[in-house]
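In the part that follows, the structures are each spelled out as C-alpha cells.
After this come two complexes, each holding chain A, first together with chain B and then together with chain C.
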Partner chain A sequence: MIKIKIRDASQQLFAWVSALITLAACFGIILFLLVKGHGAVTLEFLLTDPNPTFQAEGAGGILAPMAGTFIVTLTGVVIALPWAIATATYLSEYAKKNLATAYLKLAIDVLSGVPTIVIAIFGVALFTNPTLGFLSSMIEGVEGVNKAFGKSFLVCGIGMAIMVLPYMIKTCEEAIKAVPNAFREASLALGASKKITITDVVLPSARRGIITAIILGMGRIIGDTAIVWLLLGGSIRMTGQQPWWHLSNWLSTLQNTGSTLTTYIFLNSPAGEGNKPELAFAASLVLVVIIVFLNAAAGLIGFMGKVKEE
Partner chain B sequence: MGNVLVEHPLSKTNGSAPVSDDGCAIVVENVNAWYGRKQVLFNVDMQIKKNEIMAFIGPSGCGKTTLLRCFNRMNDIIKSFRLTGTIKIGDEDITSKNTDVLALRKKVGMVFQQPNPFPMSIFNNLRLPLAENFPDLEKAKIEDIIVQKLKDANIYTEIKDRLHHSALRISGGQQQRLCIARMLTIDPQILLFDEPCASLDPLSTKKIEDLLLQLKEKYTVVIVTHNIEQARRIADNVAFFYTGKLVEMGPAKKLFLAPETEMLERYLSGKF
Partner chain C sequence: MAKIFFEDVVKPTVFSKTKISFNLSALYDKLWEYAIFSLAATGAIIIVLIFVFIFMKAWPVFQASGLKVITTSNFEEQIRHAYFAPLDEQLWEFGLLSLIVGSLTTALGALFIAVPAGVGTAVIICEMSSGLLKRFLEAATRLLAAIPSVIYGLVGLMVVIPLISDRLLNVELQIKYLEYFQLNGYSMLAGIIVLSFMIVPLVIALSVDAINAVPRKYREASLALGITKWRTIIKVVIPAAKSGILAGVILAAGRGIGEAIALSMVSGASANMPSLRHGFVFFLTPVLPLASAIINKSQAISVPSIEAALFSCGVILLVICAFLSISTRIVESAVRRRQGLD
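For the complex of A and B:
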C-alpha cells in the first residue's frame, strides 16, 4: 500500500517537474530578453530605419526590419492560403483512397520535413533563372552573366509560402474534416451542388480552423531566418527606391531586398557582422512579443468561436 | 392558424405534389437495395398518395431509412450503395442515371434525425438556399419569404427577436422547426422526415407533430419513426418493415387495430 502511494507521488512529482522545466525555459527566455533588451526598446528605436555603422549612436532603429517581417509574412500567407485551402479541400472532400492520394499525402509530409535552408537554396537556384528576373532584378554590369539577382521580398515570400504550405494544408484539412457531415447532408438535401456545399457551407464552418492555420503559418514565417538570408539577402536597409514606404514605390520595394527582424538580429549579434548585441536583444524582444501576441490571438479566436457557437 | 400555409411566393406548381395517373405522389416498384454485398431492401412495392402522411415503422436496421433516402437520392453519397427497380415521382423514374439529382432534391425536401442548422444566423440559414436557388430575388423579397417560411414552420413568434443570432443557440426543438422552415424555402412538393423527433422532448415533439398535420394539407409527407404512438397520432397510412421487407401496409386505423401479420402484432406489443 505504501509502495503504491510512493509510486503515485513520485510519478506526480515527475510530471510537475517536467511541466515546470518547460515553463521555466519559456519564461526564462522572455525574462532574459526583457532584462537585456528593454533598455534599447524606445519609440525612436521602433520608428527609425537602421544604419550600417560601427557607432552605436548612429545605428538607428528597426522600422525597416519590422516592415520587412510584415511584408514577407503577408506575401507568404497570401500566396500559401488559397493553395492550402484548395489542397486541403481536395484531400478531405474529393480525393479517393488510392495510390495517388497516398503519394500526395507523403509529399506533403516530406515537404514539412525539409529544412528551411534547403527550401532556401532551391529558391536560389529557381529565382536566379533570368526568366524569373521580374520577381527580383537582373544582374547588370557583369560581362557574360545573364542571371537574375534572385533576392527580393517577392522571392522570399514565395519561398516562405512553400515552407508553410504543408503546415497550413494539414491544419486546414483537419478543420474541414472536423465539419460535421450533418452540414453537408443538410446542404445536399436542399438541392445544393457539391461545389456550393463546400464553398457556402463547409468552408465557412471551418473558418476558425482556417484562421488558426493562417496564424500558425505567420508564426513560422516570422521566426524563419534561413530563407530570409538566402532569398532576401544580408542588407540591413531597404534597397528599393527611397523612400521605401512611399506608396508609389511599392513595386520597387517588393522587387528589392531588405531585412527582417530575424536577419537584423543576426546582423547585429557578435556571430554576425555587427557587434551591437544590445540591439539584437532589443529586436529579439520585439520579435518574441509579436509571436506571443499571435499565439494569444489564435487562442482568443478559438475561444471566441467556441463561445459564439454555444 | 388558418393562414399558416401560405403559397410560396415563387410557387409555380400551386404546391400540389406531382401526381401520376393513379393519384399517387410516389410509386415504388420492385425495389431492391444493397450496401456493398449486404442486401437491405427486398422487392419493395408501395404507393404513397398525395397530401397524406405515410409513416414507415419497424425495428432498427429494417431498411425504412434507406428507402426514405432513395426518394431524394441521398444514398448517392454512399459509394457502396446500389439499387434496382423503379421509383416514380410524378411521371419520372428518379432512379434513372439521367435524373437531375439537384432538381429532384429541390422537389423532395428532407429533415434529418439530428437537427442540423448551419453554424450561422437563423436568418442566413434560410437565406442561403434562397440565394442559391433564386439568385435574382430582391433583398426585401427574400426577407418576406424567410419570415413567411418561419411562420409556416410555427417558429416565427418564438425567435422573431433573434433572427440574426446563431441558429445553434436555440433549443433542439426550435432547431428542428428551423430546419423544416429551411426545407420549405426551396419550394418542395414532397417532404421526407427521418425520425425528426428522435432527439426531442415530448413538448417539442408535440409541436412538430402538429406542424406535420398542417403541412400535409399542402405537401405529401413521408416520415420514418421509431415511435409507434407517433405513427398512430399522425399517420394516414403506415408501412411496416422488417429485415428489409415490406411486411404490411395500410391505413393507420386499420393497421394498429387489427394487424394482419403476426410480425406486426408482436412489434406493436413491444416484443422485438
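For the complex of A and C:
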C-alpha cells in the first residue's frame, strides 16, 4: 500500500516539476533577455542603422533590421493571405469528395511538415534561375555564369509565404467551417449567387478567424531565420540604392538584400561574425516584445469572439 | 473540379424564344470558382516543385556516390576537398552518415526529455490545475512556442554551453579526446537540451487537445469505481488520449529534425560521428545535424559540388519529414475513426 502511495506521489511530483520547469523556462528566458539586453535598448539603438565594425561602440542600432523584418513580414503576408483564403474557401465551400481534393489536403499536410530550411534551399534552387532574375538581381561580371543572385526582400517574402501557407490555410478553413450553415442558406434563399454568398456573407463572418490566421502567420515569419539566411543573405545593412528609406528607391530596396532582426541576432551572437552579444540580447529583447504583443493580440481577438458569442 | 456548361452561361429567356440573353452573373460565378481553384491548385503544385527541384539539384551527388551517401561519413574532409577542387574536376562524392546520426541523436534525445515532461505538463494543465495557475501555464506554453529559434540558440549559447564546459569538462578529458574531436561544450548534449525546450510546447499543446477530447464519462466511470483521481489519469485518461499524444510526438519529431538555426549555434558544427565506445563522452561529441549543415556550409554554396551536397542533405530531410507528416495523418485519421465509433 505504501509502495503504491510512493509511486503515485512520485508520478505527481514528476508532472508538477515538469510543469514548473516549463513555466520557469518561459519566464527565465524572458527575464534573462531583459537583464542582459535592457541596457542597450535606447531610442538611439532603435533609430540608427547598423554599422559593420568590430567595436561595440559605433556598431549602430537596429533600424534597418527592424525595417527588414517589417518588409519581409508584409510581403509574406500579402502574398500568403489571398492564397490561403482562396484555398480554404475552395476546400470548405467547393471541394467535392474526390481524389483531387484528397491530394490537395495531403499536399497541404506534407507542406506544413517541410522544415523551413528545406523551403529556403528550394528558394535558392528556384530563384537563382535567370528567368526569375527580375525578383533579385543578376550576377554580373563573372564569365560563363548566367545566374540570378537569388537573394532579395521579394524572394524572401515569397519563401515566407510558402512557409506560412499551410498554417494560414488551416486556420482560415476552421474559421470558414465555423460559420453557421443558416447564414449561407439565408443568403442563397435571397437569390444571391454562391460567389456573393461567400464574399459578402461567409468571409465577413469568418473575419475574426482570418485575422487570427494573419497574426499567426506574422509570428512565424518574424521568428524565422533559416529562410532569411539563405534568401536574404548575411549582410546587416540594406544593399539597395541609398538612402534605402527614400520612397523613390523602394524597388531597389526590395530587389536587394538586407537583414531582419533574426539574422541580426544570429550575426551578433558568438556563433556569427560580429560577436557582440550585448547587441544580440538587445535585439532579442525587441523581437520578444514584438512576439508577446502579437500573442496578446491573438489572445484578445479570441477572447472578444467568445464574449460576443455569449 | 467544376465545369462550365453552356446552359449555365447562355440561357434562352422565357419571354422570347429567338433572343438569347447572356447570363453574365453565372459566367462571373464560374470564373470566380476557377480562380479559387487555380490558387488552391498552385499550393498543391508547390510541394511537387519542392521535391522536383531539390532532387534535381542533389542528383549529381546521388549519382556519384550511390548508397555511400547514407553509409559513409567523411563529410568535413570531403567538403574541404570539394572546396579546393578545380572547377572542371569537381568532386561529387559525399557521405552524410554522420550528419544523419547527428540529426537523429539530437531529435531522439530531445524527444526522450520533452515527451514525458510535455505529457506531465499537459496533465497538470488539463486535470490538476485551475484558475490563474492554469491560465499562466497555458500562456507560458503559447509563448514558448512563439519564441524564435534564434533566441533559443542565443540563450543556449550563453547559458547551456558554459554550464556544460564548467561542470562536465576538464582538461584531462579534453586532452584524452583530442585525437577524435575538440571538447569545448558545443555538443550533442547542448543540442538536446535546447531542442527539448523548443519542442516541449508542441508536445504540450497536442497532448492538451488529446486529453481534453477524452469523454467525461470515462473519468466518471473510473471515479465511480472508487479509483483515485491520479490513478484515473494514469490508467484511463492517458491511455484513451494516447493516439492524439502520438500525433503530437511525431509532429515534434519532425520539428526537431528540421530545426536548423538553434542547433547550428549550439551543437558544435563539426560533423563527428558519435561513438558509444566513448561512454559518457558520446553525449559531449560535437555533431552537425543535416539542417544545421545547410546553414553552416552555406557560405561555400557557390561551389557546384558543395551546393549539390547541401541539396542532398535537403533531400534526406524532405523524405524524413514527408514520411513523418504522412504518419501523423494516418494516426490522426485513426483517432477520428475511433472517436466516430465511440
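Here, the second predicted complex is superposed on the first by the 285 of 310 C-alpha atoms of A that agree within 3 Å, B and C clash if a C-alpha of one lies under 4 Å from a C-alpha of the other, contacts with A are read in each partner's own complex, and residues count from 1 in each chain.
Operating definition for what follows: a contact is a pair of C-beta atoms (placed from the backbone, for glycine too) under 8 Å apart; a residue touches a chain by one contact, two chains touch by 3 or more.
Everything quoted here is computed from the prediction, not taken from an experiment.
Of the two partner chains placed by superposition, only chain B is touched by A:186; chain C is not.
More chain A residues lie in contact with C than with the other chain of the pair chain B and chain C. By the document's definition of touching, of the two partners only chain B reaches A:200; chain C does not.
By the touch criterion defined above, A:44 reaches neither chain B nor chain C. When both complexes are overlaid on chain A, the residue A:287 reaches chain C alone and has no touch with chain B.
In the superposition on chain A, A:82 makes contact with chain C only, not with chain B.
Comparing the two interfaces of chain A, the one with chain B and the one with chain C have residues 193 in common.
Contact residues of chain A toward chain C in the complex are 8, 11-12, 14-19, 21-23, 25-27, 29-30, 32-33, 36, 82-83, 86-87, 89-91, 94, 100, 103-104, 106-122, 124-126, 162, 165, 169, 193-195, 219, 222-226, 229-230, 234, 262, 265-266, 269-271, 277, 280-281, 284, 287-288, 291-292, 294-295, 299. Contact residues on chain A toward chain B in their complex (touch as defined above): 180, 182-193, 196, 200-201, 204-205, 308-310. On chain C, the positions that touch chain A within their shared complex are 1-2, 25-26, 28-29, 32-33, 35-37, 39-44, 46-50, 53-54, 56-57, 116-118, 120-121, 123-125, 128-129, 136-137, 139-144, 146-155, 157-159, 197, 200-201, 204, 228, 230-231, 234, 251, 254-255, 257-261, 264-265, 291, 294-295, 298-299, 301, 310-311, 314, 317-318, 321-322, 324-326, 328-329. Interface of chain B with chain A (complex): residues 72, 74, 77, 102-106, 109-110, 112, 114, 116-120, 128-129, 132-133, 166, 168-169, 179, 182-183, 186.
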